[in-house]
Amino acid sequence: MAEINLLEAIRQGIDEMMAHDPGVFILGEDVGKRGGVFRVTEGLMDKYGAQRVIDSPLAESVIVGACIGAALNDTRPIAEIQFADFIHPAFNQIVSEAARMRYRSNGDWGVPLVIRAPYGGGIHGALYHSQSIEAFFAHVPGLKVVAPSTPYDAKGLIKSAIEDPDPVLFLEHKKTYRLIKGQVPDHDYRVPIGKAEVKRPGDDITLIAYGLMLHFCLEAAQVLAGDGVSVEVLDLRSLRPLDTEAILGSVRKTGKALVVHEDNLTGGFGGEISALISEHAFEHLDGPVMRLAGPDVPAMPFAKPLEDAFMPSPEKIVAALRKLAAY
Amino acid sequence: MTLSDHISYALVDEQDELSSDTLREMYRYMLLARALDERMWLLNRAGKAPFVISCQGHEAAQVGAAFALQRGKDFTLPYYRGLATVLVMGMTPLEVMLGVFARAADPSSGGRQMPAHYGSRRLKIVTQSSPVGTQIAHAAGIGLAEKIRGGDAVAWTSFGEGTSSQGDFHEALNLAAVHNLPVIFQCENNEYAISVPQRMQMAVTSVADRGPAYGMPGISVDGTDVLATYEVTRRAVERARRGDGPTLIEARVVRMTAHSSDDNDRTYRPSSELQALKQHDPVARFRGYLREHGILDEVQERELREQIGHAVNEATEQAERAPMADPETLLEHVFAG
Amino acid sequence: MAEINLLEAIRQGIDEMMAHDPGVFILGEDVGKRGGVFRVTEGLMDKYGAQRVIDSPLAESVIVGACIGAALNDTRPIAEIQFADFIHPAFNQIVSEAARMRYRSNGDWGVPLVIRAPYGGGIHGALYHSQSIEAFFAHVPGLKVVAPSTPYDAKGLIKSAIEDPDPVLFLEHKKTYRLIKGQVPDHDYRVPIGKAEVKRPGDDITLIAYGLMLHFCLEAAQVLAGDGVSVEVLDLRSLRPLDTEAILGSVRKTGKALVVHEDNLTGGFGGEISALISEHAFEHLDGPVMRLAGPDVPAMPFAKPLEDAFMPSPEKIVAALRKLAAY
Amino acid sequence: MTLSDHISYALVDEQDELSSDTLREMYRYMLLARALDERMWLLNRAGKAPFVISCQGHEAAQVGAAFALQRGKDFTLPYYRGLATVLVMGMTPLEVMLGVFARAADPSSGGRQMPAHYGSRRLKIVTQSSPVGTQIAHAAGIGLAEKIRGGDAVAWTSFGEGTSSQGDFHEALNLAAVHNLPVIFQCENNEYAISVPQRMQMAVTSVADRGPAYGMPGISVDGTDVLATYEVTRRAVERARRGDGPTLIEARVVRMTAHSSDDNDRTYRPSSELQALKQHDPVARFRGYLREHGILDEVQERELREQIGHAVNEATEQAERAPMADPETLLEHVFAG
C-alpha cells in the first residue's frame, strides 16, 4: 500500500497495462517528451518508446478516428484529449463511429478504445479549460463513461477501461489530480465499470455525485452529521452503464435524494438520475429529488469571483441538504 | 453453387504483367458488379428495395485498385459506392443481396444499416457508416497499428471528391504522411456530390493536387481504365509495404446514375451530359480492350454473362426468401458479450 | 388561410424573410439547384440568386463556422445541415463558438444564426438518417432549440428564429414534412420562441411531447378519452428556452405526467423535464413522472421490424397512459 | 495621457513606400508589444497574473501584417499570440492589461476569458475562443458576408502551424478558395505546438505549400522581418479587395518563450536552440535596420522606450486598481437583451 495522488494512480494503471500488453499505446498532443500537459504520461515515452507514446498533430478528430482504426487492427489505443473542452472536434468520431461500430456491424466489429479527458473546473481555467462534458456522452448508447474520484478507483477503472472490449470515455477531474490522495494496493486489481460505491453510509438523505463533487459532498455530509442528519454519499464512478440499482436501493432506504454535479443544470446528467428515481422509487420518496449544479451559463469564467460564483461548493451543498432535510 | 466458388484467390496478387486469365477475371468482377447494381435498381423500381446507391461508372477504378490488394491480408474501407471493391475482396452476390433486402443474415449489419454500408471482419472490410469521410481517419489508424505491430498489411480506403472537403480527410492524410503509414487514399472523383458540381466543391481541378501538400504523392488516374488504376495502385501498395508511406490516388470516374434512388439528377445535370455518360462506361471500355487484344471472344463473353445472370438471379431469390431480423434482437450488440 | 404541409410552411417562412431582408441567406449542401434533398429550399435559388442560396462544399463544420462569421458581419445566415445525423462534425463550432460568443465577449458580439436540421425517424432512414439530436443541444446554454410540430408553428417559429439575435437550432421532423398539414394564415405572424402550447386540454394526465411524437400523443389522448381519461397534451415547441411554467402549471393541475420522445431514453431531454417536475411540483404529484422514449441502442435500424420496434408509437403511448391512469 | 493618443490612424494605410514616420511607428508597436508582454511575465512571476501567453518573437509578423490592414474597416481574427496585432488594430495598453488582470472592464470579455483572448466589436477584432482553428472558419464567413453585401473589407486571421492540422483549417481555406473570398490566412509558424515540433506536425517543410492545394497563393515569408511581412500582406490585401480571392501566408517566426506560463520548454527544447533564439529576435532585427538606415537615432530610441515604459506602468497600475466583475453578473449575456 502506498499513498499516491489521483494523477499518479492513472499513470500507474496505464504503465502496468503497457508493460503487460504490447498492443497498448497512447496517442495525443504533447503526451511524449512533455509527458502530457498535466504529466499523466510522464516517463512513459522513455520507457515504451516513441512508437507507443505518440505526439499527435493538433487534430482531435483524427486522434480519436485513428485510434478507432488502430483498435480495429488489434491494438488497444488510449487517446488523450488534452482538455475535455477540446473533445468536441472529435464528437462525430466518438458518437457516430466508436460508439456504433459494434451495433451497426451486428456484433462483427468492436472498438476497444479508451479516450482520456481531463475535465472540470475550479482551477482558474476559464471558459475553455474547465468544462464538464459528461452529459453529452453519457447519452450515447454504445459508449461507456467513467469518472473516478479517488486514486484507488482511478487506477482500478483505467485498467478495466483499457481491457474493455468497447469504447470508454475516461473522465479525470483536473482539480482532483494532485489534490486527492489515497491508498492504492501494490497488487494488481480492477474496479468494475458500471458499479457505484457508497463512500459514506447514511440513513436520512442520499447524496449522489462523482469526481470532484464527491469530495465536496463528503465534506457537506460531515457538516450535516453535526446537525444530526445522516447523509449517505453515493459515488457513481461510472455514468454509463449507470448503477441504477445502487441509486434506487439507497433512495428507497433514505427517501430523499440530492444529485450534485458541476456541469450546467439544464439537460445535465442529474436530470437522468432524478427521472430514474422518481420513476422507480416514487413511493419511497419523502421529498422532491433535488439537483445542485453549475448554473445555466455557457461556461465557467476566469475571474475568481465569477468562477467561485459558478462552482458548486461544500457550503452550497450543505444549504441544499439542510433544505431537503427540513422538507 | 454460388459465383464465389469461381474466384481464384491467387489471381489477386502483385504481378506486374497481368495474365489473360487475370484480365478476364477483372472483367468478370466488373460485369458482376454492374449486373448486381442493375438488379438492385430493378428491385427498387419494383418496390422491393427501398434504397439503392450505385457503383455504376466506378467499376474499373474499384476493380483495378482491389486487384492490387491482397485479400485476407489488406484492409479495405470502401464507401457506399464500393460494390465492386467488396466483391473483389470476397463478398458474394448473395451476401450483397442480403444487404439490399436488409435481411437478418446480411453480413454487413444484419439489416441494421442501409444497403451498401459494407463490412466484414472476416474479409477485413471495415464496417462503414453514413457520415462521409470518417473512414479516412480509420484507415490512417489501421496503418498506424500495423506499423506499431510490425506488420506489412496495407489499409486502402475510398471516398468521393465531395468528401475530400471534410476536415477528416485533411487530418487523416496529414497524420498518415507524418508517420509514413501504409495507407492508400483513393478518391473516386465523379465530379458531383449529389447535385454539387466539382467547381463548387473545390477550386482545384484535381484532388490529387493535395497529395504534395501533405508530403505524399498525389496521382490522378483515369478511373474508367481498369488497368491504369491497377497499375498506380500496385505501385502505391509496394510503396506502402516498403514502409515508404501513403499515397493519394484520384480516380477520375463517372457517376452513371442519379446519386441514389432518392435522387433525380435531371434537376441539376444538363441533358447533354446525361447522354454523354454512356461514352465513359468503364465496363464497355474494358470489353473493347479485351476484344481488341483477343483476350475475350464472343463465346466467352456470352458464357460469362450467363454465369453472372444466373448468379445474380440465384442470389436475389435466396436473399428475398431469407428472414428479417427478429424485433427481439433490437437490443443486441450495443456492447460486447 | 391555406392548408399546407409542414415543409411548405418552413419554405414560406424562409421565403418571406428573404424577400424582406437582403441579409438573409442560405448555406448548405444541395440547397441550390436541387432545392435541398427534401426540397425545403426549392425555388429559392431561382428567386434570390446563387449569392444567397449557396451550395456549400461537403463540410459541416465550415457550413456552421462560416455562417457564424457571416452573422458577425451583419448578415442573417441560415445553415442547412442535410440530415441532423450529420451535424456532429459541426459540434465544436456550435457548442464552443456560436453558443458562447455573446457570453465570452461579455455581450459585445452576438451570433444571429439559424441552423436547420431535419431529424427523426420512422422514414426507413436507418442508423444515420433517423436520429434525434435534441438532448445534445438543449443542454447547451447560449443556444436556442426549437422543434415545431405543426405548419402554423413551423412557419411562425422559423421567422422568429431568423429574426432572433442569438443562435437557434431549428429541428424539423422529417416524417412530419409532408404528413402533417394544417391551416396557415396569409398575414405575417410569429410564434414566440420559448412558449409551449396546450394542443389538447385535459384534466387527468399531462402528456408532454414535440415534433412527430406530439401527433402520436394526440392520437393516444383520443383513445384515452374513450377510456374516460382526460389527457392534456402539451406541445413544447421550444426545448430551450423551455417553458417551465407551462409544464409545471399543467402538472400541478393534473397531478400526473408522461413525457414522450423518440430520442434514446437515458440522458434524453425527458430526464430534464421529469426532474423539473419532481423538483417543483412534487406536492402535486399523484404518481411517478413517467417517460416513454426510444430504447438505449445506438440508433434506429433500417429493417422494418427493427425500426418499428425502436419507434415509440400511439399504441405504446396508450399503454403507458393507461398504466399511469391506473396508478 | 495614455499611449493610444499617439497613434496616428492615417499611418495604417495601403501606401507602397513606407515613410520614416511609419517605419518608426511600426517599431513603436513592436516595442510596445514586447514591453507589455515582458510586463505580463513579471506580473505572473509576482503572482499577480495567473496566466500569461506570449507574442515574443511574433511581433514583426503581426505588426507587418496589421499595417497592411485598414483599422475600423477590416476584420481581424487573431489567435492568443496576437498581442501586437490587436495593438495595431487599436487596442490600448490599458485595455490589454485589464484583460491580464481579468477585470470587469476588460473589453475582450469582462474577465470571463483567459488573458490573450482578444476581442472588440468596435475595433472589428472578433471575439476569440481557446479551441484552436475555429476562427479560420469565421474569417471565411466574414469574407462570404462581405461578398454578399458587396463591401470591400478584408478578413485577416492568424493561427499557429500546429493549428493548421485541424480540419477547420482545411474546410475554411477550401470554402474561401471556391468563392474567391477576401480573406487572408496568416499562419505564424514557430515550429512548435506546445512541445510538438513541426516534423511531428506535418510532413512538409512549409505550411505555404498548402495554398496551391486549395487553389490560392501560398506564400512563405520571414516573419521576423516586419517589412517583408508587410509587403506580402499588402499584396494579399490588394488581391482580396480586388475580388481575386484569398491568400495563405506563412510567417516563419520564433517562439522566444515557453508556450505559456504553465509550460516549461526546457523539457523538450534543446538548450542550444533556446540559446539561439535571441539571434532571431524580430525587435532587435528591426532596430538594427532602422539604425543602419538612419531612421532611428539613439535619442529617439530612448524617448520611445521611456514613453512606452511609462505607458505600460500606467496601464498596469490603472488595470490593477480596476474592480473585478460583480458575481451577480455571472448570469448576464447568455442571450441578448
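First chain written, first letter: the chains are A, B, C and D, and each begins at residue 1.
Here is the rule we use: a residue touches a chain if its C-beta (ideal position, glycine included) is under 8 Å from a C-beta of that chain, and two chains touch if they have at least 3 such contacts.
A quick note: this is a predicted structure, and the numbers were derived from the prediction, not measured.
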Does A-D or C-D have the larger number of C-beta pairs in contact?
C-D
Which chain's C-alpha centroid is most distant from that of subunit D?
B
CA centre of subunit A versus CA centre of subunit D: separation in Å?
37
From the C-alpha centre of subunit A to that of subunit C, how far is it in Å?
30
Subunit A-subunit B separation of Cα centroids, rounded to whole Å
41
What are the residue numbers in subunit B that touch two or more other chains?
109-110, 112-113, 129, 131, 165-168, 171, 174, 178, 200-202, 334
Specify, in ascending order, the residues of subunit A that touch 2 or more different other chains.
56-57, 59, 61, 85, 88-89, 92, 96, 100, 103-104, 127-128, 141-142, 296-298
For the subunit A and subunit D complex, residues of the former touching the latter:
29-30, 32-35, 37, 55-59, 61, 85-86, 88-89, 124-129, 295-298, 301-306, 308-310
Listed in rising order, the residues of subunit B that touch subunit D in the complex are 165-171, 174, 177-178, 180, 199-204, 209-210, 212-216
Touching residues of subunit C toward subunit A in the complex: what are they?
61, 85, 88-89, 91-92, 95-96, 99-100, 103-104, 127-128, 135-136, 138-142, 240, 242, 264, 266-280, 282, 285, 287-291, 296-299
Subunit A contact footprint on subunit D (complex, rising order)
50-51, 102-104, 109-115, 129-132, 162-163, 165-168, 193-196, 200-202, 262-263, 267-268, 324-327, 329-331, 334
Can you list the subunit B residues touching subunit A in their complex?
75, 106-110, 112-113, 117, 119-121, 126-127, 129, 131, 134, 136-149, 155, 167-168, 171-172, 174-175, 178-179, 332-337
